[in-house]
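Two complexes follow with subunit A in common, the first pairing it with subunit B and the second with subunit C.
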Partner chain A sequence: MMLEKTKDIARQILEEKKAGGVFGLMKNEWNIIQPHLFEDPAELANLVLEPKWLLAKLAMRILRSSPENYKLAVICRGCDERALIELIKRNQIEKENLLTVGIACSQEQAAICLCERPYPEKLDAGEKVSGVDPFQDERVQKFLTGNDKERMERWADMLKRCIKCYGCRNACPICICDPCKLEDDVWVQRGVVPTETVTFHLIRAFHLSDTCVACGACQEACPVNIPLLYLQLSMRKTLREKYGYEAGIDPETRSPVLSSVFEKPDTDREYPAWINSLGEKDES
Partner chain B sequence: MNQPRILIFACKWCGFIGADAAGKKRTSLPSQFRIIPVECASLVETDAILRALAGGIDGIAVLGCHIGGCRYNNANHTAIKRLELLQDLLDTTGIGRSRLLLSFGTAHEDYQFEEIIKNFFDELILLPPLDPWLSPFGVIS
Partner chain C sequence: MNPEFIKTICPYCGTGCGLIIKVENGVAVATYPDREHPVSRGSLCIKGWSAHEFINHPDRLTSPLLRKGDTFQEIPWDEAIPMAASKLRETAAKYGGDSIGGLSSAKCTNEENYLFQKLIRMAFKTNNVDHCARLCHAPTTVAMVQALGSGAMTNSISDLAGAGCIFAIGSNTAESHPIIMGEIYKAADKGATIIAVDPRETAVTRNAKIHLRINPGTDIPLLCGMMRHIIDEGLHNEDFIRERMEGFENLNEFLQLWPVKRAAEECGIDEEIIRNVAEIYAKAKESAIIYCMGITQHACGTANVLTICDLAMLCGHVGTEHSGIYPLRGQNNVQGACDMGALPNVYPGYQSVSDSAIQDKFQNAWGSTLSDKPGLTVTEIIGLAGKNIRAAYIMAENPALSDPDTNHVLESLKAFDFLIVQDIFLTETAKFAHLIFPSSCFAEKSGTYTNTERRFQLLRKAADPPGNAKEDFEILCLLGKALDLDFSYKNSSEVMDEIASLAPAYGGICFDRLERKGLQWPCPDSEHPGTQYLHKDRFTRGKGLFVIPEHTPPKELPDESYPYYLGTGRMFSHYHTGTMTRRSSFLNREVEEAYAEINPEDAAHLNVKDGEKIKITTRRGSIITTARITKRVSKGYIFAPFHFTEARANMLTNPVLDPGSKIPEFKVCAADVRKESQDG
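For the complex of A and B:
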């Protein structure tokens, strides 16, 4: 039913020429699912919605290599939509050139991804299901509880497995920098394993601190099953609790990390009045 | 037992002046620290902090100006927010937020600088070493 509705919306978009193409997943003649740019309404019979596949980065590439006023509609889940909004914020996509067809995730999918928002803001097909609190999950608690020493050993064990395939970086819909710091010998030695765990993984994790949309693509791409998403959870929690900010919700809201504390005061900090060198207080 | 090693990034308008004054007064300080003067605390890259931790530095201090007293258009505000987020990441991975000391506006006098460094040193001595995390490519000397 959700599939039929999505097909209808996509057909409408193509027939009314609201967009040059609809980007989604297609089952090809060998029954293999692949991303596909639907430009002909007849092709839409092969449209599928499963499995979860982050299309944001590919959509960005399509828009970049297209003529300036080419409009693209993307069939996206909650995480995909958030990633697209983050790319808009980073000036990688023109907001006017992007249409989204939002589809909701199932409860099972939300539980697998530990997703707090398994639905897009602009929902077109499907029913909203409630999100999962990742901090209540056993798998997460294993990595985020305990004292420093236990956590350090647990994470060291995990990160030592890394074979440095750069899959986490390549799969991430928001990792778009060129050149990338992880390819710079100053920070991480290239072509050498074992990986320098602290620099490689923590630099990667911190670069996404206020941008991570918790899609879990890094973790799914990892061939040695390092739970990379769990690195981001506490930073996302801090941003939400302290500044009321969540990445990818609204293209207009800038990250609080970029603004001064006067613009966006946080709840628990005290601001001492500035005293100039003569001992006079500046009240402004 | 090995003495903890500290790397200090000091803003040249506050922290570094405090450090300079502490030196001029010939204050007795723990010897295992190095200061890197920076133009502003906001120029301290988080990556550099992580690189230093990976290279075997036990504690990093970032000293900047008062909130509201930045010489560069409130740049220290972004620094404090960013570095507090980094503390969260360090906490998650078990390195611990106490290894990154943030001090904004409290190190611009010699006695304040002395107090901060001594306290930080005492705190770091109690922490377990960072061995499992050490870079396989050697330690910064």
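For the complex of A and C:
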């Protein structure tokens, strides 16, 4: 049902030339499933929706290497939509060039992902199921409860497994800085594994604190099963509880982290000069 | 525009992870993990993520090259192929077919390896064909065939996650097979005890519950001490031994020589710890043993592997889903190159060249007479250059960096009357060639690779080879035809069908069945689903055999003139001879220059600071490299990765061979270290 509907919408987009291509998953003649840019409606017979496969970053790359007016439609789950919205906010994608075809996730998928919103805001095919509260999950609790020392030990134990594949960075749809701080000798020593826990992992986590859409791609890409998503969850929670902010929900609301740095601060706090990694150009 | 995404297999290690290559305008521009892959399931290590980087490197060879004095001149294929054929023919006519040697490649596909050995065997009636498995898992093949009947890893990678105890000995899994390390952690998260044995400290030993930092080359004493304790405590699996094993009495008697006390002294580990790990290994419901080059690259490599088999079988830890013996294969297709008979003593499917029924089968199938005399190994082919071996054909191997005692290898490479090298870059070995064939890398060909868990996997072509370079498959067909062989294959799928018809273990394998998950051999017929783990109710050889291991200490131990142990190995961002990884910017930025690890105490004694130059000397030669001071190595031990052409660790290594398998002793030799004065 959901698949047929998605195919119909995609076909319409291509036939009416609303976009140059529809980006989704294809099952080919070998039964192999992989991302594919559908440009010919006839190919849509091979469109599939499973498995979960984050497409936002790949879609961004396609848009960025395309002619300026090329329009792309992306078949999105909730997390993909949220990631695309964040990429628009970060000026990585022109809003006008992007169409989304929103699909709903199953209850099982939501449970696997510990997902609070297993659907996109713009839902085109499928039925919404309810979200999961990750903080009720035992595995999450194990890492986010206990005193500082216990938590530190638990995390240190996990993080020392890191084999420095950079998969968490590469897979994250919103981890896009160039140059990347993880490739800066000041923070991350070259040529050794495991990496320095604090700099490598916490830089990555903090850089995404207010953009993370909890898609779980980082954790899914981690070959050594470090629960990287859990690191982000508590920051997301704080932003929601303290600032009423959630990344990826609408393209207009700016992150409180950004606005408190760039907009007039409400106190006389001074910010150290090195806080310029958010893209502000140094005037000097 | 229109990027295409092509699913294929990682070209680096034997884990065989799934990659998706992104192709823009015919050029491979990025690599992504394959979320559906049965082994890697959406993860990759740093090498996998960077696999596209070397493909479009400007150093790629784009035309056949002919030596003119000290330089090379580009020539067209229609000159290169006939020239190669006539030179090889002339040599064979003058000195006999056994004067030709062929080195096949663990980087090439199964089909290419099959064609390579077929070409050498048919055209020259010689079995002088081998490849770099000789330098990594030759002892595995010899020992496991003797003890179990099959030289392959017994279980599947994903089976590890269910083990109750994982005993990793001589394997730096986290750096050399990173995706497999993930399975070890899965087991640990479910409560398995991880035990690591390694003279060095590695990411594996740091994350293990117990680390046994044994003296280099004392694996047999450790394992024998453990077995002795297991028997003394009655922890051996008597039912298993009674029903499925032979030779227990001999083993038991032999182990009288190895009380735990003696074992403890030899390997420098407390008796109590040896007893403890023996008990953990024996008592766990299912225990798996992982081993790698730390076991095989010794002059007693075969005996080391036999001891591992003895331990596993003593406890009945073979033949079930989550137990088993895991020799982790190094190269992406080293399993396949062995399977395809790129070995001097067997045809494809490990069928002996000396067995007359087998010989008949292949003579009939190929329509050619064939030699029943086992051929020479890699080290022999190189060592006899200019003597018994007058001409050689080397496909994608780099002995100038990979083989022990480089100075001697370099002399040998000069001594061939005619040397053909087929590769994607002008490797250190290719520089010695008379004729070079430019070939294609993993992303430019179709075919199959077989990973360390015996899984045939389909490689799909993402881009064309650069310039006039050709697929190895096509080069082999052209050369075969020029040598009057019937090599009129249309594609590699046809070759796979021929392989299936000749090697029963792969009888059911064809491209159409490989689809997205591949197939694990044995897969004897087209209905067979493939085999997750071996030796289930019966060993391949019938009963399992306890073989008495002969403990020989390393052939060269530290002495007054050469007071340090030297070992070689790999590190996480480079691969083997560095041909590909050192041309991948992201990998090379991790480590740009050669280094060797040295313990802080030794460094202080030598007055060397981190990053300063040191000179390492052995009886074979010396290299100058950069000191990396670290407690990862114990006092008295130097570790040198072998990826670096500017400081070739194999200049230093000892070419003594393990008598059973002829593997050289890369892991231990005696060395001297000096501070290299900065000014000269």
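Here is the rule we go by: the second predicted complex is superposed on the first by the 259 of 284 C-alpha atoms of A that agree within 3 Å, B and C clash if a C-alpha of one lies under 4 Å from a C-alpha of the other, contacts with A are read in each partner's own complex, and residues count from 1 in each chain.
Here is the rule we use: a residue touches a chain if its C-beta (ideal position, glycine included) is under 8 Å from a C-beta of that chain, and two chains touch if they have at least 3 such contacts.
Here the structure is a predicted model, which is why all the values come from computation and not from measurement.
After overlaying the two complexes on the shared chain, residue contacts for A:Ala19 are found with neither subunit B nor subunit C.
By the document's definition of touching, neither partner reaches A:Ala83: not subunit B, not subunit C. When the two structures are aligned on the shared chain, A:Cys115 is found in touch with neither subunit B nor subunit C.
When the two complexes are overlaid on their common chain A, residue A:Ser66 makes contact with subunit C while staying clear of subunit B. Of the two partner chains, subunit C is the only one that A:Arg161 touches; subunit B does not reach it.
Contacts of A:Pro256 after superposition: subunit B is touched, whereas subunit C is not reached. Using the contact criterion defined above for the overlaid structures, shared-chain residue A:Arg151 touches subunit B, although it does not reach subunit C. Touch criterion not met for A:Cys215: it reaches neither subunit B nor subunit C. Residues common to the contacts of subunit A with subunit B and with subunit C across the two structures: 194.
Across the interface of their complex, subunit C is touched by residues 21, 30-37, 39, 51-53, 58, 61-62, 65-67, 70, 160-161, 163-167, 170-171, 183, 190-191, 193-194, 220-225 of subunit A. Those residues of subunit C that touch subunit A in the complex are listed here as 1-7, 20, 22, 24, 30, 32-36, 40, 42-46, 48-49, 174-175, 178-179, 181-182, 185-186, 189, 203, 206-207, 458, 514-516, 571-573, 586, 589-591, 595.
Of all the residues in subunit A, the ones that touch subunit B in their complex are 143-144, 148-156, 181, 187, 189, 192, 194, 196-199, 202-203, 205-206, 209-210, 230-231, 233-235, 238-239, 256-262, 269, 271-274. Every residue of subunit B that touches subunit A in the complex is listed here, in rising order: 46-47, 50-51, 53-54, 66-69, 74, 77-78, 80-82, 84-86, 88-96, 105, 127-128, 130, 132-133, 135-137.
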